[in-house]
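Chain lettering (A, B, C, D, E and F) follows the sequence in which the chains are written, and residue indices restart at 1 in each chain.
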């Protein structure tokens, strides 16, 4: 992640919140007033986005000092002080909401990812995210998934191949689709094919797909598919996995379980900024 | 909302998903292929963001045609076809995910707002949003709240005044804080003061605050405060309202109930794009 | 005002002046030459924009040091040294024109605002600006009006309500117009209605408008309207106020006098940068 | 002027005026309402910026139609209808202020330039602008000067050479300064030297300067300098020319009279948009 | 490639060429003049960038019509008319240089790629590009390589893995480096390891690298490595390949030959725009 | 050149190379690892772009320190260490390719310019560039030409006048074309006319053109034209000068030789970054 790209995201967030100025604060708080406070977790969760929170404040005023009392990815109990802050009161109060919005959103995702990872502990499967992310925040959300112990699926359409039903239909079958893709793409990319039954799995194997997505299958179907594939390709369980028993899915032997809900249905972690 | 501002948000979302190109689609789908399909609600909900979804596709290819089969704010049952699409297959497939991410996110918020509004029907209270929005999407999210029947609180720090504890402490009390603000702000803005007990409510009244926030009060406290205020100011119930019995809160007589969870904890509405 | 937003305005100004480089200075001035000088008021006026001038130079070269010898909003006589500058000669000479253009423009507005404020001293009225500002410079110009002792009207169309004749006609009268607006807007905004005679004033009062604009009325009409309103709404005198006797207008008892000419007809304050 | 550069200026102006939406208009005016009206000159002046006004409306809604009833640079008497407009009522009302701000500002400059040009008619001198322009609007303002019959000085620091006292001092005299510049610049640029007396004029001639600025000279001094130069260089009268008798200056025989006040002290031309 | 991303590149190119306006053309060519002409290849080459050339003109004036007489990737002999153009004379003349700069640059790269591809025809190897591209033009240059028949290596650092000597040293060997990467990256990416001798090739094989780069090896070394690898990984010849006998390299059996010179040392194809 | 404009070019280059992150480096290199190394010329050449290379690294991480061991425009033999670098290993490795791409490209142009300048040493002619530059990099490329000892032609269409055949045809001859231009342009610009034979040269002289381009003439024709012009205008040899014997061209007595190939056909200078 490029610093100036992250800053652009934060600046857009600051602009939409602050607009032409925080007039309440400008009216009430003297220009040279200082303030200090702390960020406290009001519920258990996995902290994520501390550096983003810090950058948000420093974009407003480089004199603001944030001291971390927890680390990225740390599981903290309710009541934990996760960071302290100190600096010009105006800038701290003006930036509070934007910084919290980012921190709570990212921590919410990391917490959910961490929970899913815990649910399948002891299996060899990994939890992966999807492209069902909040528009404008993908790199932060994919980072939050990793911070929670999850694994990233492709970032977007240009750094990974996923051949779906419409691609297959247009190309005239799985094999011609895979061949068309292989001719065109950088040799550094693997090829994944979406399948819904064993016949399609067989075609994908024949096409030498690197990854086979098992889409909307029952656990029994997945178990059979995994056995059938026998290590000739990575396997990915997909399709409303947010509503499934993840442990049972993992025990089918799949390599990856991708969960759209990790990022399309986010519950912000409850974090407050309290002043001394 | 300015069209070119909305387009900037959508373009950022398209860039982060498509990057340097949708190479799967470019490989498999002939350049002149056409496709048609429909957006279907896979659960009951309040539709929101149809025009954003349409613009997303047209930014990729102006030849894509989207025909609406539902309208903004319409409550649709599971299985409803909410829009039809037809156009160049490559652009439709490439834009699918971004368009759905926007549509599902906005519909998710409208659905939640609509549910909260329904919960207090029959009372005079209104449901309002907060500044706890997803960074970068505030105008779309505030629009979604309105679409779901809710009311907007201030958009950001420059179009509304909310005097909180730190402002009050720095200014030396509610009355000096309100006076400081009144001297500085455009005369077109009302002044809201956060209060936590009747003593503070009294000070706010003395300062001729236009709006009094009743923060983290019990329903009994709010009932008393509302009676005490007696129409001399608008009243707003606030503080984890997402976890409260909204009907009971509304029955305290408050004018507004502001709910951060409407936008900080979003559950995407389940909508799919199916192809014919 | 966000620092990085101010910087974007300044950078655009620097780009349009400097283009691909100040080739005169690059040719004549050695890279390591230093220079010092001072900004001098060549006429009496109200200084405004010192921090913008400073940022302009520092965007070119962070080593430039500007030492203020006057403060924002200070009334200075002709001949006053308002700031000193010292730093790399190339950057100072290259930035001179852009920095002065900003400083002189803002000081010109502050001076005009200050003059209008002085004209009504002893009355309870306040001088306010309008939306008739120079495209691209609104936040700086509204700041300059405040610096000169004036008051800001709404910043733009989203942070204030002003219901004009066309709105009223389309909505079917003042009362339905106010009601339509009240349903839609954040509860943090007041509602202003434009009126041209006492009948309209009465309608606005009936609609419980918060502010009543008295547009293009004679002083006698305004006096009557103010009496009639009797404190039930704020009153604002409007309509070519730049050409009126402000003291006489103020003495009608209006709360606000809004003057488009403050920002649509600007006379730059004469300030020079002299080198030692 | 590049269309998309002009649009960027207009979009910035629209954003600062409209912000997150024209909520008054959105509340009162039905989405499908149409409106028609006309732009009327409320005082005599030189019209400028009609195409900018048109683009401002079309950026909001491409269906708005503007029909010109006057042309760029036309001198119109008070009461002239200079353009008609027709289209969706919401977009017309929302764009009105920004479009007028641009049109009035540009027409104000063209009017002033035209007045200066008229003042020296019958002489061979030309009126020129300077770099004392409003930050962010230089290309529009320089265009307005041309529209009023004036001539442009260099656009900025990279398309023209003007060697001033500090350059001369640093280079060790006019001759070494001109030589240093000549070595470095594109051969397509002329070289102008600022002089304050005949001795400096002589040095500039010796250095084969293409243009000699006569800075802050009396008319007598300029007459003498022009005679002395005898056509060996262009001559430019400069220094608070806005306060001088332009005819008398022109009669000294100078080729150009550059006037900062044309753009640093702008009086908007009074133009209104009236609806039918 | 996103249309609006391509347009941004073209707009930047237009801005740097046209600046504040093509004053020669504005002075000499009447506003309503039309012109027609044709693009002619003044040497043999592979045409590339026709759509970029067309967009450049249309960004200046949507009325310009470009009619293609050749197609992307077509090998044309000297003297071929590759496109015709017709439209407003001002915009055509103003856009000519920028459009040609883009077309000639892209065609130059496609021509070079095509020549390299021809050189190894009959072998199974493919020609690939590198990240040694012209700053700001990577997506256009990578497209030009494909247009010339070449293959793309990764677009940048986020869509492909290439473990080099410094990564290996820091990670403590090839095997730990590959393992560290595998834990972190999306499962959709292959892993490439740079090797310089057979010992390193063995380590890469042990680490189950997907691709092995043979860096700066002699043809004999590469032949041996290819035999040794025996299809267990893709092989890529690398290291000043622009100066090597490509046929001989291809005959070592490598899968890919990556050539930095394809994009770091570009010779523009000679194409002219002639007017009728 | 404005620092923030240069940074924008570099940031675009970094974004296209680094995308969402250098995942190889992030995986293998510990966050706190440091590295040091040096840039070495692998062939003789003229160094250019050192400050751009330095800024590229510092945009990634301000802690990176680059120590110059050569200077802009210095001719260095093969094997010269031109700069040293030291800093956080991740940022150094991530920025390496972009920094080198810029440095090698600019040094390649400076080297070519320097070679052309050397070829005509002893004559009074100067080598000039053209507008045939790489889209997006013009200011860096024009700077590189100067660094190599060459001279800049106009930067773009707004800072110089070049009247070509189509302008002449539309205006009705060289004399009306020059007059039309002279009326419109800033008086700070010279006027250049393209000619192809002595008759046109005569017309250009009659029109008092400041510069006469001798386009695609033989050396004999140019010699004759130069004699004929006799110092009444600057002369510029033009037309595939990259393929001509520059010394012979210079000996015709022309003032300038403009060479498109300096920038349209660039060979990157071979420079490596080696780590200690």
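What we mean here is this: a residue touches a chain if its C-beta (ideal position, glycine included) is under 8 Å from a C-beta of that chain, and two chains touch if they have at least 3 such contacts.
Since we're looking at a predicted model, the values are computed, not measured.
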- A correct list of chains touching both chain A and chain D reads B, C, E, F
- Contact distance in steps, from chain B to chain D: 1
- Message: I need the pair from D-F, B-E or A-E whose contacts repeat those of B-D. Over half of the residue-number contact pairs should coincide.
- Response: B-E
- Query: Counting shared numbers against all numbers at the contact of chain B and chain E, is it over half, same, or under half, different?
  - Reply: different
- Task: Work out the mean Cα position per chain and let me know which chain is farthest from chain A.
- Result: D
- The distance between the C-alpha centres of chain A and chain B, rounded to whole Å, is 22
- Message: Just the number, please: Cα centre separation of chain A and chain F in whole Å.
- Response: 45
- Give me the residues of chain D that touch two or more other chains. 18-21, 139, 155, 158-159, 161-162, 184-185, 189
- Query: Within the complex, which stretch of chain B touches chain D?
  - Reply: 1-5, 139, 142, 155, 159
- Residue positions on chain C within touch of chain D in the complex are 9-10, 12-13, 16-30, 33, 35, 89, 93-94, 97-98, 100-102, 104-105, 108, 131-139, 155-159, 161-164, 166-168, 170-171, 177, 180-181, 183-185, 189, 264-268, 275
- Note on the structure: Interface with chain E, chain A side, in the complex: residues 126, 128, 146, 151-155, 158-162, 184-190, 192, 210-211, 234, 236, 255-256
- Item | Touch list for chain F against partner chain A, complex | 11, 14-15, 18-21, 59-60
